[in-house]
Amino acid sequence: MLFHVKMVVKLPHDLPPETAQRLIADEKAFAQKLQREGVWRHLWRIAGQYANYSVFDVESAAQLNDLLFQLPLFRFMEIEVDALCRHPSSIHDDDR
Amino acid sequence: MLFHVKMVVKLPHDLPPETAQRLIADEKAFAQKLQREGVWRHLWRIAGQYANYSVFDVESAAQLNDLLFQLPLFRFMEIEVDALCRHPSSIHDDDR
Amino acid sequence: MLFHVKMVVKLPHDLPPETAQRLIADEKAFAQKLQREGVWRHLWRIAGQYANYSVFDVESAAQLNDLLFQLPLFRFMEIEVDALCRHPSSIHDDDR
Amino acid sequence: MLFHVKMVVKLPHDLPPETAQRLIADEKAFAQKLQREGVWRHLWRIAGQYANYSVFDVESAAQLNDLLFQLPLFRFMEIEVDALCRHPSSIHDDDR
Amino acid sequence: MLFHVKMVVKLPHDLPPETAQRLIADEKAFAQKLQREGVWRHLWRIAGQYANYSVFDVESAAQLNDLLFQLPLFRFMEIEVDALCRHPSSIHDDDR
Amino acid sequence: MLFHVKMVVKLPHDLPPETAQRLIADEKAFAQKLQREGVWRHLWRIAGQYANYSVFDVESAAQLNDLLFQLPLFRFMEIEVDALCRHPSSIHDDDR
Amino acid sequence: MLFHVKMVVKLPHDLPPETAQRLIADEKAFAQKLQREGVWRHLWRIAGQYANYSVFDVESAAQLNDLLFQLPLFRFMEIEVDALCRHPSSIHDDDR
Amino acid sequence: MLFHVKMVVKLPHDLPPETAQRLIADEKAFAQKLQREGVWRHLWRIAGQYANYSVFDVESAAQLNDLLFQLPLFRFMEIEVDALCRHPSSIHDDDR
Amino acid sequence: MLFHVKMVVKLPHDLPPETAQRLIADEKAFAQKLQREGVWRHLWRIAGQYANYSVFDVESAAQLNDLLFQLPLFRFMEIEVDALCRHPSSIHDDDR
Amino acid sequence: MLFHVKMVVKLPHDLPPETAQRLIADEKAFAQKLQREGVWRHLWRIAGQYANYSVFDVESAAQLNDLLFQLPLFRFMEIEVDALCRHPSSIHDDDR
């Protein structure tokens, strides 16, 4: 099942730079692993903002929840989640 | 170039049913034509809402603007547009 | 899978009373049918508001979407949907 | 009487990790005690968010207030409270 | 038990004047009846706005819900409800 | 003249506990003094929130301003003020 | 005593033009009468908006309420009211 | 030309008290100087809030900008600016 | 002096098409006249929305107000106005 | 292609002054370089606010994103981005 997720990253300005860099590197590695596994199906940067729109393909809401809580930057993110389903006008087989 | 678009449809309750049905049918035909042409790349229903998240792949902001203004339901929609670009952590070739 | 749904009903003041009464009666019948079938698991009135909090237990987001679009009052409602999952502190077997 | 409560947890990033872990453990123990006693009737995680929807069954608003103020994470939460009552379309005996 | 209620009245401009006047007169009679019975304990106009702050003293949230739904102007009101309890610094016997 | 005041308390998490306790004790003493003097006419806790609804009976807006600025917790509060007047449907002599 | 009032006028588009013109003329006459009497002390157009910022000097909140409810355009306005008092840094004798 | 300005002061709780006191004293001196010069034409405290409504009479938006940036408390303020012009119903010569 | 203006057009769905077309044609003619005269310095469509960002170069806020109120679509627009001034980092001679 | 960007700067009050000054100087140098190169086409201060409205002329959303992320003050800014296109009523050759 598909979920649309918006993530906005807000790093505290007093976070030590090396902590920030490590978290960002970990986040990237984790995001790429999930993309290779097919669960993080789409990932776009919103132009000019430290934010992304993503689409996840997961077994359940519980799996989505587990993945998002594991994100290294999770506690510095504002996250919005919307469940998706096939649009009656869609002709794309993978938009479901 | 890619744009993320959220469309929320709000049909006036006193719109004649036959007008509404014709508009909805026209909207569907137009949406499917644009999907076949590749410019309306993704189209998802937001579960439980008369709304969708879409991704458009267009030549320019002007083309996006022209397409959205041509939507048969355009004047009954609240539309939000965000320009997208490749996310530095993305490994998907088509998310750009 | 479980979804938390908030529905706020806004009937246009110029809706003919007999139309409103028929819609409300149809809504009640449909809501009770879904409750008997087990998909509309909880239904509470928010005290003092023409609104409810509900919990649905459905097969998929698509099923939830289909059910909500079939609500007789659907087009007069503002609806918010949140996917639920088991809370790590929950001890209730049915809260999942 | 029933209350619908939404709790969103916002832990300050500079809270010492051991303080956070202790608070979270205390919160879990307290939440499970209240669930066993029947006052915290439902507890769901909102998928992908450090937040929950809950339903409390208490003697009075005063009791609800006392319980929420005792939550170990209370001062790190944004809380919304809505009084519930039986929905006229409800057939569930326990939704009241 | 006490509830704090804010009511904002929004009469449609095309409501026939005689309908409006009848509703307003009915509302006044009903409000005064509830005040005499002691359930509508306080009623203040918010200066300069077609709105009021009220405090109700009822048996239950269900009773509050029933009363508010019976208000002749109910469907032209935006209503916010907050459950109240005794403030730990209060010395007033009737603020509970 | 009467004013309706909503106060929401937001204590910084890094405020030393003894400072917080002293401020809270001072706040309580000051609130009770003003209640005994009749200027803080009503004080209710909003159930489940570190917040209150209050009604002040003062000589002028200047007096209200002076009192609120003297609150020991003033700088940790978000305050909303509404001037009240007698509601045309009110029968309570003290709601003015 | 002084009140700061923001008024935003929203005329329904289907209000008959002669009704609108009469209301606007009545509003102007009433506003100028109140200015001459000294109770409507300041009246500014917010540039580019069908809205004004005003300062009223009245005996009480009740008088302010009465005056605003008498405005011919009252029911087509969104009104915000704030009580004012002398600013500790003010040197203007009439700003109180 | 006239500008309506709303200033809300939010002092960080960990600002050293002597810094706060110096800033507040400097702000007062600067505000009174500008009032004497006629550019800060009105200054009202919003009752019960650490905030003011002001009217400035300046040569240009650039001058307004320069003055506001020079306010000692500028970086602790949330500021809203609206350009004003003569209201067609105004009879006050100085409201322009 | 320069003003930044955002205009969002919201045409009522029951506006007769010929009225809408005439208003839109009048709006275009008026907008082009003001552009030729140099007072409407910039005019951009916000992609995908019936809205524009504009920059006006006028003698005064009063002139801006007069021009905006003369817009044929004025009463169907939501308008936001911000006064502009030269940015300290600007090197463009015409951005002032 | 053109983008309209609003930037609001929020410097933490505990940022060391020399850090702030260096960042501001770097920001100015970078902004002027981009203006000379023609990509930062317009830059206006919003009067009285630590904020600007800007128009960028870039090759792609990706280039806009890269430029904004390189801004020395980027992580202290709230940024809103809107894609622009030629307005059908525009006569300015450079507003596209």
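Note that the chains are named A, B, C, D, E, F, G, H, I and J in the order they appear, and that numbering of residues resets to 1 at the start of each chain.
As a working rule, a contact is a pair of C-beta atoms (placed from the backbone, for glycine too) under 8 Å apart; a residue touches a chain by one contact, two chains touch by 3 or more.
Predicted model only: the values in this text are computed from it and were never measured.
Participant: Between C-D and H-I, which chain pair is linked by the larger number of C-beta contacts?
Facilitator: Taking the two pairs in turn, the one with more contacts turns out to be C-D.
Participant: So the centre of each chain is just the mean of its C-alpha atoms; given that, what is the distance between subunit D and subunit J in Å?
Facilitator: Centres of subunit D and subunit J (C-alpha means) sit 43 Å apart.
Participant: Indicate the whole-number Å distance between the mean C-alpha point of subunit D and the mean C-alpha point of subunit I.
Facilitator: The computed centroid separation for subunit D versus subunit I comes out at 50 Å.
Participant: Using mean C-alpha positions as chain centres, tell me how far subunit A is from subunit B in Å, no decimals.
Facilitator: A distance of 22 Å separates the two centres.
Participant: What is the distance in Å between the mean C-alpha positions of subunit B and subunit J?
Facilitator: Between these chains, centre-to-centre, one finds 28 Å.
Participant: Can you list the subunit A residues in contact with two or more other chains?
Facilitator: 2-3, 14, 45-48, 61-62, 64-65, 81-86
Participant: Pairs of chains that touch, anyone?
Facilitator: By the stated definition, chains touch in these pairs: A-B, A-C, A-D, A-J, B-C, B-I, B-J, C-D, C-E, D-E, D-F, E-F, E-G, F-G, F-H, G-H, G-I, H-I, H-J, I-J.
Participant: Per the contact definition, I'd like the list of subunit D residues that touch subunit A in the complex.
Facilitator: 11, 13-14, 45-50
Participant: Touching residues of subunit J toward subunit I in the complex: what are they?
Facilitator: These residues of subunit J touch subunit I: 2, 4, 27-28, 31-32, 35-36, 41-48, 52-53, 55, 82-92, 95.
Participant: Which stretch or stretches of subunit D touch subunit F in the complex?
Facilitator: These residues of subunit D touch subunit F: 3, 5, 12, 14-15, 61-62, 64-65, 68-69, 75-76, 79, 81.
Participant: Show which residues of subunit C lie in contact with subunit A when the two form their complex.
Facilitator: Residues of subunit C touching subunit A: 1-3, 60-62, 64-65, 81-86, 96.
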